[in-house]
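Note that the chains take the letters A, B, C, D, E and F in the order they are written out, and that residue 1 is the start of every chain.
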Amino acid sequence: MRLENRAPDALRPVRIQRQFTKYAAGSVLVTFGDTQVLCTATLEDRTPPWLAGKGSGWVTAEYAMLPGCSNERIGRNHYQKGRAMEISRLIGRSLRCAVDMAALGERQITVDCDVIQADGGTRTAAITGAFVALSDACAKLQADGAISRSPLLGECAAVSVGLVDGEALLDLCYEEDVRAEVDMNVVMRSDGNLIEVQGCAEGDAFPRKQLDAMLDLAEAGCGELFRLQREALAS
Amino acid sequence: MRLENRAPDALRPVRIQRQFTKYAAGSVLVTFGDTQVLCTATLEDRTPPWLAGKGSGWVTAEYAMLPGCSNERIGRNHYQKGRAMEISRLIGRSLRCAVDMAALGERQITVDCDVIQADGGTRTAAITGAFVALSDACAKLQADGAISRSPLLGECAAVSVGLVDGEALLDLCYEEDVRAEVDMNVVMRSDGNLIEVQGCAEGDAFPRKQLDAMLDLAEAGCGELFRLQREALAS
Amino acid sequence: MRLENRAPDALRPVRIQRQFTKYAAGSVLVTFGDTQVLCTATLEDRTPPWLAGKGSGWVTAEYAMLPGCSNERIGRNHYQKGRAMEISRLIGRSLRCAVDMAALGERQITVDCDVIQADGGTRTAAITGAFVALSDACAKLQADGAISRSPLLGECAAVSVGLVDGEALLDLCYEEDVRAEVDMNVVMRSDGNLIEVQGCAEGDAFPRKQLDAMLDLAEAGCGELFRLQREALAS
Amino acid sequence: MRLENRAPDALRPVRIQRQFTKYAAGSVLVTFGDTQVLCTATLEDRTPPWLAGKGSGWVTAEYAMLPGCSNERIGRNHYQKGRAMEISRLIGRSLRCAVDMAALGERQITVDCDVIQADGGTRTAAITGAFVALSDACAKLQADGAISRSPLLGECAAVSVGLVDGEALLDLCYEEDVRAEVDMNVVMRSDGNLIEVQGCAEGDAFPRKQLDAMLDLAEAGCGELFRLQREALAS
Amino acid sequence: MRLENRAPDALRPVRIQRQFTKYAAGSVLVTFGDTQVLCTATLEDRTPPWLAGKGSGWVTAEYAMLPGCSNERIGRNHYQKGRAMEISRLIGRSLRCAVDMAALGERQITVDCDVIQADGGTRTAAITGAFVALSDACAKLQADGAISRSPLLGECAAVSVGLVDGEALLDLCYEEDVRAEVDMNVVMRSDGNLIEVQGCAEGDAFPRKQLDAMLDLAEAGCGELFRLQREALAS
Amino acid sequence: MRLENRAPDALRPVRIQRQFTKYAAGSVLVTFGDTQVLCTATLEDRTPPWLAGKGSGWVTAEYAMLPGCSNERIGRNHYQKGRAMEISRLIGRSLRCAVDMAALGERQITVDCDVIQADGGTRTAAITGAFVALSDACAKLQADGAISRSPLLGECAAVSVGLVDGEALLDLCYEEDVRAEVDMNVVMRSDGNLIEVQGCAEGDAFPRKQLDAMLDLAEAGCGELFRLQREALAS
């Protein structure tokens, strides 16, 4: 059995707390069980140099773990290493699939995702929370009259799935994650389309029908997350 | 008048929230008005190499601002630059004056101070919160039987003072800080002794009697902070 | 139509040239059409520190593009940046799924994958060639009597697939890659199991049935690559 | 007793040697006993980017120790670390309090302070010498007709004070510095005002009346240094 | 006797293979015995900033060893260290002596020299091959009509010479190189003039008449290399 | 005519001032005309790791320019770049040819050469001064009884030569250096043998008989430098 009698297809308790800090254009503390990520969206009235003058905006992201987020302290310059950069790139790519860059106009939104507490699934929690911070930043642009309509194309959410003792499980906590034979992250848009699928054998290769079972779980999990995002944004 | 009719010798509302996260040995969210710093203390069963085998422990600190903590985004590798290193060193030195290193034994406590929201006085809030996180880590060592008595020599707290339009003010917010002619940080121990005094003219030099007036304010402010620390630790 | 009348499910001409250089334990020049990657495997009689004394070996990889491999020169320190580190990690993870680490013993094999000419699919060509270089290094260990049986669990190969104008295509060249709506890399083991699946929307999200179509193509493509690897290793 | 029967309130022999090198706009070798610092001021006809077009100049400083300046060799990239950056910032801030930036005009003066021999008090010797190098650079600007009047607001000097065995001592040498319970650096302007006060407990906290005693010593010491600076500049 | 009965004044078998890759403006695989260097020349329509607007071009080079080029793996960030930078600078300087920069016009050619297999004399092989890659890039500029005449002033080639057991030898392989008392590299232009002479005692100093003997060998060796370069460029 | 009627074969006034600072084992301020380099030799009772336990010592060097040594300020991290590393390596190699490493025993001497004033020929002045600092460090080892006889094999000195308007000149100052067609550095040992010869065309190639003329000048110049070194060491 999973911790707290969780069903194989159940998310951990998810909370999306908006306006966690007051200076950033969007600031969301997202929690998936004991995983907590602070996502802050900052607006800048300029694009990266290679986009200048093209009438298009840009969305990017940076991911880092705070040193005290887990049992062992994580060195602070760790964030420059491969894993954190890889995750930063994943979050940025995912968010960009949910935004009409022309409608955003020549400005950049950077979403910083800082992991305050890590219990597995930090990157998928980060994407789910980052979308809400991004939404708040876009709403601020509209409220300020900088843009006339929302550049968002739908919600964007992500969830982890995995194979533990041969069984497909949704939203793995750390303890499950270290035991998983396969670790997979799925990013979706609320129209039901896929944005990113990253499945990775941990130790041993896996059959395709297991891939299918995990995708089924992830689709259902993302559906629930879209609902929670909309609920948070409506409140 | 100061914001919200604050008196020149009044602190902003201070809150010290313990156990903000669950994995670190000590985890404190400290707020001074709109300034918020997350302080997490991590234990390691080793000392820096140059202390090995000397029967003595070590306390160190790292300070950084989260990118979205203020109105303009702060680049993430900023922390390596001079200012953040200087503040990290100040916090570490201050905490070490409140600890009997022999009583701590051959282990290291690292306190990470991450500024979540910045409205002036982040380094003094960090010291004040870091001491409480450090206390919780020491209490954990005692509870685990690793040490038999507390290695703490008293509370350690810090506050900023400044000269604004020629008047000495306690605990400056950002808006006051940028207007201040003198910016000063005072770190004290609860026995009434000074740990560190850093006064710095911003633009113009200042007379010694102004230094004295600021020190008077800081002493009173630290007294109030010691009371709040004890209250938080007792709860 | 694709270049040179290639069918949607056809690989580009693949060549696997062993012993391209003479000092490395394995040295393979792999070509997928105009993409050329030099893969060299080096043996070291030590493991990473965290594995020492555990009776287990390690396989790792580094990927870099030579500055002159494409039309525009690529700066040489580029390799440290996110993309190259991400690909290095992918190659290492993939190869490790094809090796029994206990059978390898306490030694490390590093496979360096240097892209000599880049026309799309460099990471999948790199994995396919790296496996052959790894095989040669393992054979050398057996020939030298360092290990008594091969630590390999089967062949490991990879191929890119993508969605171009809504059609699933196998093994994209650069020109197809830049036009693709979805870019996907699939790593497999010769027992038919999946090692890694990375599908990524470029600009727009995509339906799951397209994911399935691309996986079908990739499975067939990897089957052909396993055959070519065995052929090369037999010669 | 102090070395060479020095009184508690006595400076070490101080020498300020101008025009030590010939290419820099100002070049001063300052010695406080066995501490020797080479201070060279360089002129540049541009300001930092953030000051451009504001009609104001800038003064900055860099501090480093030559590798062979003390008994043990100091690694050369050491200067990038926290301590050297902190001291560089202190020197720059101090000098800026002695300069009318509008009168300087849109140009930058950089004062490099390289410690040739270190016997305690290198940062305060550096400030004292750097001011003289800065004066020479300003005089050169006047002589060249670039500015019509001196931008200097008075002399700027600094001295260390400390508490050794409970007694306040002026201008600590290295041997005294390592034994000191409190280490303090005071920067003053020749109008008697304070520029910077940095007092720091080494190991134990200290009462405020000791702070006062140290400030008294420092004021007198700086008075003597202003006299020596004027003497050097007059010669 | 030398390996394969080579005479003291004989080069190893030299091969110059043009168009080794297809995207770079010039791409040459040069081999001196078992030493193999891939030289690719890239064109850019801009000069370094300090040359902008002066009507003059620039030629520069970067040298690196691929990690698997020799028996022991060479770490990839090794290239930033002293030796590789020194060799990069040597190659750039040498090539520039063979080019009329005004005739090249305001553009830059970068020649990357990546050592694929190392058996001594990699830097001299790199220069010899880089010149041919540079020639091809210049020919491309002429063919494209960007320049009306060749900017080349003659061929440029280089060879190593050394003193082994007191005897002067031409074109040392690795085994000879590690035994050599003196190691010397000579770069020449096809008009018989010297571009660079770098002779360096390995362990012990050497008499001038040995220098003369080595220069004689190098002159003859470079003569042969000019012939081979012309032959390759004519084919 | 050269400045101050200097003959083509004349050195600038050379001064070798020992014991310039007091903590380093050897400390020499060497001046060649307006070029001034501070050379300090530091002793360490350990060798680099790759020499440990082999009964042999090591001599190494680091070269850097102080930021204010010339008319334009030189950035401080400049020393990591190619030129400074190349010169550091040259100085270390040169000194090692003058030392019997077995006689030195398992210890390391590091000579830091910091250019205080630069007017051409800084690397050759550095070698000439560094040898004297090295001698003083070796004498200290003998005086301390650490070694029983001097490990020095003779003096080591260096001088620059060049071709200006077709004429060979000894010991170029900066103004001559920028006009020189060829720039050459020659390092010799006092037994008349060569340690290093580095001749480099600046812009155009040069005939071998000019090389010979420059070597003649350099031999005579080094002879004079050996005499000055012996004189300084005897005083």
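The definition used in the following text is that a residue touches a chain if its C-beta (ideal position, glycine included) is under 8 Å from a C-beta of that chain, and two chains touch if they have at least 3 such contacts.
Here the structure is a predicted model, which is why all the values come from computation and not from measurement.
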Rounded to a whole Å, what is the gap between the Cα centroids of subunit B and subunit E?
59
Round to the nearest whole Å and give the separation of the Cα centres of subunit E and subunit F.
28
Once you find the CA centre of subunit C and the CA centre of subunit F, what distance in Å lies between them?
51
Touching two or more other chains in subunit C are residues none
Please classify the inter-chain touch graph. Allowed labels: line, ring, star, complete, other.
ring
Check: ring from subunit A, direction subunit B, yields A, B, D, F, E, C
Can you check the complex and tell me which residues of subunit E touch subunit C?
21-24, 27, 34, 36, 38, 40-42, 44, 62, 64, 66-73, 76-77, 79-80, 110, 112, 114, 116-118
Which bits of subunit B are touching subunit D when the two form their complex?
81-83, 85-86, 88-89, 93, 97, 188-189, 191-201, 203-208, 211, 215, 219
